[in-house]
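Below you'll find a set of structures to go through.
The two complexes that follow have subunit A in common; it is paired with subunit B in the first and with subunit C in the second.
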Partner chain A sequence: MSTTEFSRIQEAVGTLAACSTTSESRMDLRADADHLLQAVTSFRALNWGYLSAITGLDGGPAPTDGHIGILYHFCQGPAVVTFRVEVPRDHAVVPSISAVVPSAPLFERELSEMLGVEVQGLPAGKRQFLSDDWPPGVYPLRKDFSPESAVPVARSAPVIGSEEAPGTFIVPIGPQHPALKEPGHFEFAVDGEIITGASVRLGYVHRGIEKGAEDRSWVQALYLVERICGICSHIHATAYTLGVEALAGMTVPPRAQAIRTIICELERVHSHLLWLGVAAHEAGFDTLFMFSWRDRETVMDLLESVTGNRVNYSVNLLGGVKCDIDAAAADAIRRGVDYLQERTRHYLKIVTTDESFLRRTRGVGAISREMSERYGTVGPTARASGVTTDLRKAAPYAAYGQFPVEPVFSQACDQEARFVVRVKELFECYRVLREILDHLPGGDLAIPAPRKVPEGEAISRVEAPRGELFYYLRSTGGVKPDRVKVRTPSLCNWAAVVNVVVGQKLADIPVILAGIDPCFSCNDRSFTLRRRGRTGGSGHGSASAETWSWEELRAYGIRYYGGGR
Partner chain B sequence: MDVLLAVVALLIFPGGLFVIAASLAYEYVDRKLVARFQNRLGPRWFQPLADFIKLLVKEEIVPDGVNRGLFNGLPLAALAGALTAALYVPMAGLAPSWGFRGDLVAAVYLLMMMTLCIGLAGANTQDRFSLVGAVRALTQLFSYEAPFLLALLGPAIAAGSWRISEVNGYAREHLWMIVTQPLGFVVALIGLMGKLELPPFDAPEAETEIVSGALTEYSGRGLAFFRLGRDIELLIGLTLISAFYLGGLGNPLAFLAKTLALLAVTAALQSLFARLRIDQTVGLWWKAGAVLALVQLLVLIALKFAGVQL
Partner chain C sequence: MPDQKLPSAWKRAIDRVALWSRINSPWLVHFNSGSCNGCDIEILATLAPRWDLERFGVKLWGSPRHADVLVCTGPVTRLARERLVRVYEQMPSPKFVVAIGSCGITGGAFHGCYNIVGDIGDVIPVDVYVPGCPPRPEAIIDGVVQLLTKLKPPRTSRARAAGGAG
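So, the complex of A and B:
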């Protein structure tokens, strides 16, 4: 960030917040809760950047610290401006910034559910992340949280439509529904075939990964975050390792960075081809679904031959990568890419010329650029609305500085544009893959990583197949992370979707939902595994909440997979 | 003796068992062809029968808030309608088992019972997907039914009879009517796909939107009967169109060749398109389908008055 920008921001915020620059691309603005809204308002008047994430940090109970830190990260290119607010744990109240930052509510709700920070002015609404029977007043991301305190409260089964106003008709979609490959819940109020209202409920696959990472060593947490998502596992691991390496001050060999980038791009190819099939299926075009998934096998085979795995590739190490790409593997990738490029040309032709398909995509679910920026959409969804941000270019990481990528975007804003942008991105993937393979740097694959990571914090932002993925890491100098905050791209895209479906036709809902390539598994992360009644104990269905110990889980896993035979 | 023959015709051949077996076989061919067009392996030959038996064995769950009589009776009515209609068409290339003046109209209405029953079945439950599916099924009925009927009337007018066996006989002795009435043929074939809710006209049961449409709440016997009824409709539809437009059906061999050729065409059409929204389906039928069928019919009537030998 240039010093002029820095002083512009300082000038705008004035005495409302204390400014300091922590590195050439980061700036901290310390404000107190009373002046936060004012400070953010004058900052937003500069029209600088977008809200990327809100991180909550619990310092622990009173004798040690007694405060909760709330960090509002605004980003533009590689620069990050962070508003930092500290509030006492026993009276954690901050104003909502959603009046000036319309994309904030989901982040703020996560903050209030997970850390118990009361966000004043946040529109009342149902829970988004914790389950409905989660006890009130128990906050999983607080340091003194104990699983024993999470005793489910009694609740009656919700009845669909019980809350509907007279004259409205609600069509529920999910958590189990053929259109959703992962659980989420949507309620669409319809008038005939026209949508008049929409709401979303997330959190069905919350697995406590952020909390779990705090209880593992820096190395173990790597394997945990890689399992956040089954489609873009590598990008999570990459974001995490880049963050830890920055914290530990490690310089990773260029060959390792290049190999990471190759896997990133192969993963993007696999993700986009998978999406193409799913999105076509949602529009009732199963032939395209079957063909694109057939061709996707090419890239799956490549990933398997290079890394040994089809899903969680486990390529990254702290300090490098695990597997090498030799001349034979490089040739295999080149051949695969040649085949895929030819097929992708065919798919581009289909999504832009097939008459029946265009009837389902052209002009459907248009998110204008202005709306896209207001609600903070990211990734291909945003680029289909004319936003040109692609972190691979805007804030290059890994080997993207050396092998630049041209962002693909479209001004058309509709569903067709989302197809075109993703399919065209595939060509860019193929080009970059060839480029890297032709100029693969020599040298080591990894350097040793320290067991303990020096005290400090790091922000790591990467371009996942679905858009900007944000990691915030904090170390207190120990062998375990103090905080791992993950903000996945899917979370940013909901607000725009829920707003754009109103006025559309019911039949277009699956298509529009698929348009943002939602990943619920990424979306939902934090918390604890409970079971209702032990087998052979008090009978199933009884609400005796118990937490599984590690030994029990392990024994269960062994039994489940037939280890007892 | 006559009574015995009538019972055989009704229960074994060409009605009853034969129709059921043949329609399951045609379902297999349809599924296999679509699967191969989509680069899939597709089912084994006995899969439709296995599905049918499996559904018969499964528990039929009657949801709360439905009229039980209707819930159980509608699948039977739909199946009975389809089985009855089979008696009036030249099944297997043989003469129809029954026939009377105007049986064409009766057969078309018997075929329509299926859609009506599906619509009622959906409206009978409180399930939201079923309700939306029922509305869509009935909306679709009102769009394809008129053009479909008009398209079948074309050959009847040419033959000067509304009796299926006579139209069939006329078709066998004259130039194939796919040549003389191409518009009617196209409308009839696409109309059949609309009737059977085959892609791209599968909005009433669009899986990704409304799960299984009007039949969402059906799980066992009822679902088996509805599915079987639909298979029989496919068979009857193919038979009717081949008899009218593809030079008539005179023997089992011609029957097999012509209906399977038609089936291959519908399978290809099923895999070519993305699903149409219900508003697009209605638009397509009233803007294109009905107009085409009417034009065809008016030309026919005009030629008839002019005394041209068709």
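So, the complex of A and C:
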């Protein structure tokens, strides 16, 4: 960050927050809870960056610390500006910044559920990503949390559409549904074919990984974060290792960084081809699904031949990588890429010219650039709306500094644009892969990593196939991480998509949902939004004779199908 | 069908036909109760052209009401537990469960995380476990085949005589 930018920000917040720069790309602004909103408001007036994540840090119970730190990370290019607020643990209250940062509610919701921070001004809603039987007043990310304290409490049966106005017809979808490959629960309020409101309840695959990482050593946590998502496991591991290496002050050999980058790009190719197939399947175009999954096996074979596994490759070590790419493997990758390039040309032709397919995609689910920025979408979803941010270029990590990538974007904003952007990104992947293979640096694959990581904090941001992935790591100098905060790209894209479906046809839902390439296992958290004249809930229970309760329905189902074994 | 009114010979014949069709064309329903997606994409890969499970009569179907086999992935999270039980209960009997991946066996990498209630066997009865993180598509296919082998009736003495040592 240039010093002029630094002084501009300092000038804007004035006396509302104490400024300090911790490195050339990071700046901390310490504010107290009373002045936070004012400070953020004057900061936002500069129109600098976007809110990338909110991290909550529990310092532990009273004699040690007794405070909860709340970090609001704003990013632009490689620069990160962090607002830091400290509140006492027994009275953790902060104002909501959603009035000035419309994408904040998701992060604030998470903060209040996981750390018990009361966010004033955040609309009250039902339980979001912890289960419905989670006891109130128990917060898993607090340091004194023990799993035994999370004793299930009684809860009322969930009533579909209970928050809707009477007479509204609700179409519930999920968590097990043919249109969903992963569990999520959606409720669409419809007027005939047209959607008038939408909400989503995720958290079905919330496993508690952030807390789990605190119980594992730095090395063990690497294998845990790799399993946040099976589709983009390498990018999670890369973000984590880059963060730990920054904390430990390690300089990773250039060959290791280049190999990491190669795997990143191969993973992107596999992820985009996977998405292309699934999205085409949702639009009823199974031929394209079969073709793209057949061709995806080419890249799966390459990943397997280099790393030994088709999924969860486990390439990264703290301090380098564990597998090499020799001349034979490089040639195999080149041949594979040549074949895939040919096929990708064909796919580009299909998604831009096939008449019946275009009727499902052109003009459908348009997210304007303004809307995209307001709700903080990231990755190909944002780039299909004309946002040009790609962290591989904006804040190069691993070997992207030596092997630059050109972001692919489109101004069309609709579903077709999301297909075009991802397919065109594949060409960029192929080009970068060839480039790295032709100039693969020599040298070691890894350097030894210390068992204990020095005290400090690090932020690591990488471009996952679905968009910006954010990691915040903190060490207290021990063998285990003190905090691992993960903000995944899918989380940022939900807000825009739940808003954009309003006014669309119900039949277009699978296509629009697939358009953001949602990854529920990445999210492992959730939120609810209601739109268009929802006056809030008055609790229409299941008292009427036509409405069956959960238990009645379940008993009927068991009876009808002669349940049991 | 009011089976009890049928003469027993008829019932036996119908049962044999039902079993034959169940073994030769099992319908699968897939549920992810907290998986990282790794196993799920490998299940989908078994349907893609390289493995093409459908040519053996195996069909992945969206509704538990029509399914014979529940293919489960992942450890079981607190929120998904109830739904897993519900999906299982919705399936008509006889029904079978194949748990895919290390998490489904022990909780895998997520063992000890606060939102995990256990492995799949803790929640519903499992017939076949397929280990791996994730298992390869061949292993998943093998798991289903193992299940179908279990279902096959023991060969009669006449069949043994005709088919050799068998």
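In this section, the second predicted complex is superposed on the first by the 519 of 565 C-alpha atoms of A that agree within 3 Å, B and C clash if a C-alpha of one lies under 4 Å from a C-alpha of the other, contacts with A are read in each partner's own complex, and residues count from 1 in each chain.
We adopt the following convention: a contact is a pair of C-beta atoms (placed from the backbone, for glycine too) under 8 Å apart; a residue touches a chain by one contact, two chains touch by 3 or more.
From a predicted model like this one, the values you see are computed outputs, not experimental measurements.
Once the two complexes are laid over each other on the shared chain, residue contacts for A:D132 go to subunit C alone; subunit B is not touched.
Of the two partner chains placed by the overlay, subunit B and subunit C both lie in contact with A:M290.
In the overlay built on the shared chain, the residue A:D508 is in contact with subunit B alone; subunit C does not reach it. In the superposition on chain A, A:G203 makes contact with subunit C only, not with subunit B. Once the two complexes are laid over each other on the shared chain, residue contacts for A:G212 go to subunit C alone; subunit B is not touched. Once the two structures are overlaid, the count of subunit A residues touched is higher for C than for its counterpart among subunit B and subunit C.
Once the two complexes are overlaid on the shared chain, A:P178 sits against subunit B and subunit C alike. Residue contacts after overlaying the shared chain place A:I170 against subunit B, while subunit C stays out of touching range. In the superposed model, A:R310 lies in contact with subunit C only, and not with subunit B.
By the touch criterion stated above, A:L224 is placed in contact with subunit C alone, subunit B being left untouched.
Once both structures are placed on chain A, subunit A residues 177-179, 290, 294 are touched by subunit B and, in the other complex, by subunit C. On subunit A, the positions that touch subunit B within their shared complex are 160-161, 169-172, 177-179, 190, 192-193, 280-288, 290-291, 294, 354, 356-357, 359-360, 505-510.
By the touch criterion stated above, subunit C contacts subunit A in their complex at residues 29, 31-42, 44-45, 48-50, 61-65, 74-75, 77-80, 83, 86-87, 89-95, 108-110, 112-116, 125, 133-134, 136. The touching residues of subunit B, when paired with subunit A in their complex, are 37-40, 128-129, 132, 135, 199-200, 202-203, 206-211, 271-280. By the touch rule above, subunit A contacts subunit C in their complex via residues 130-134, 140, 145, 147, 150, 152, 175-179, 181-183, 203-209, 211-212, 215, 223-224, 227-231, 233, 274, 277-278, 289-290, 293-294, 296-297, 300, 310-312, 519-521, 554, 557-558, 561-565.
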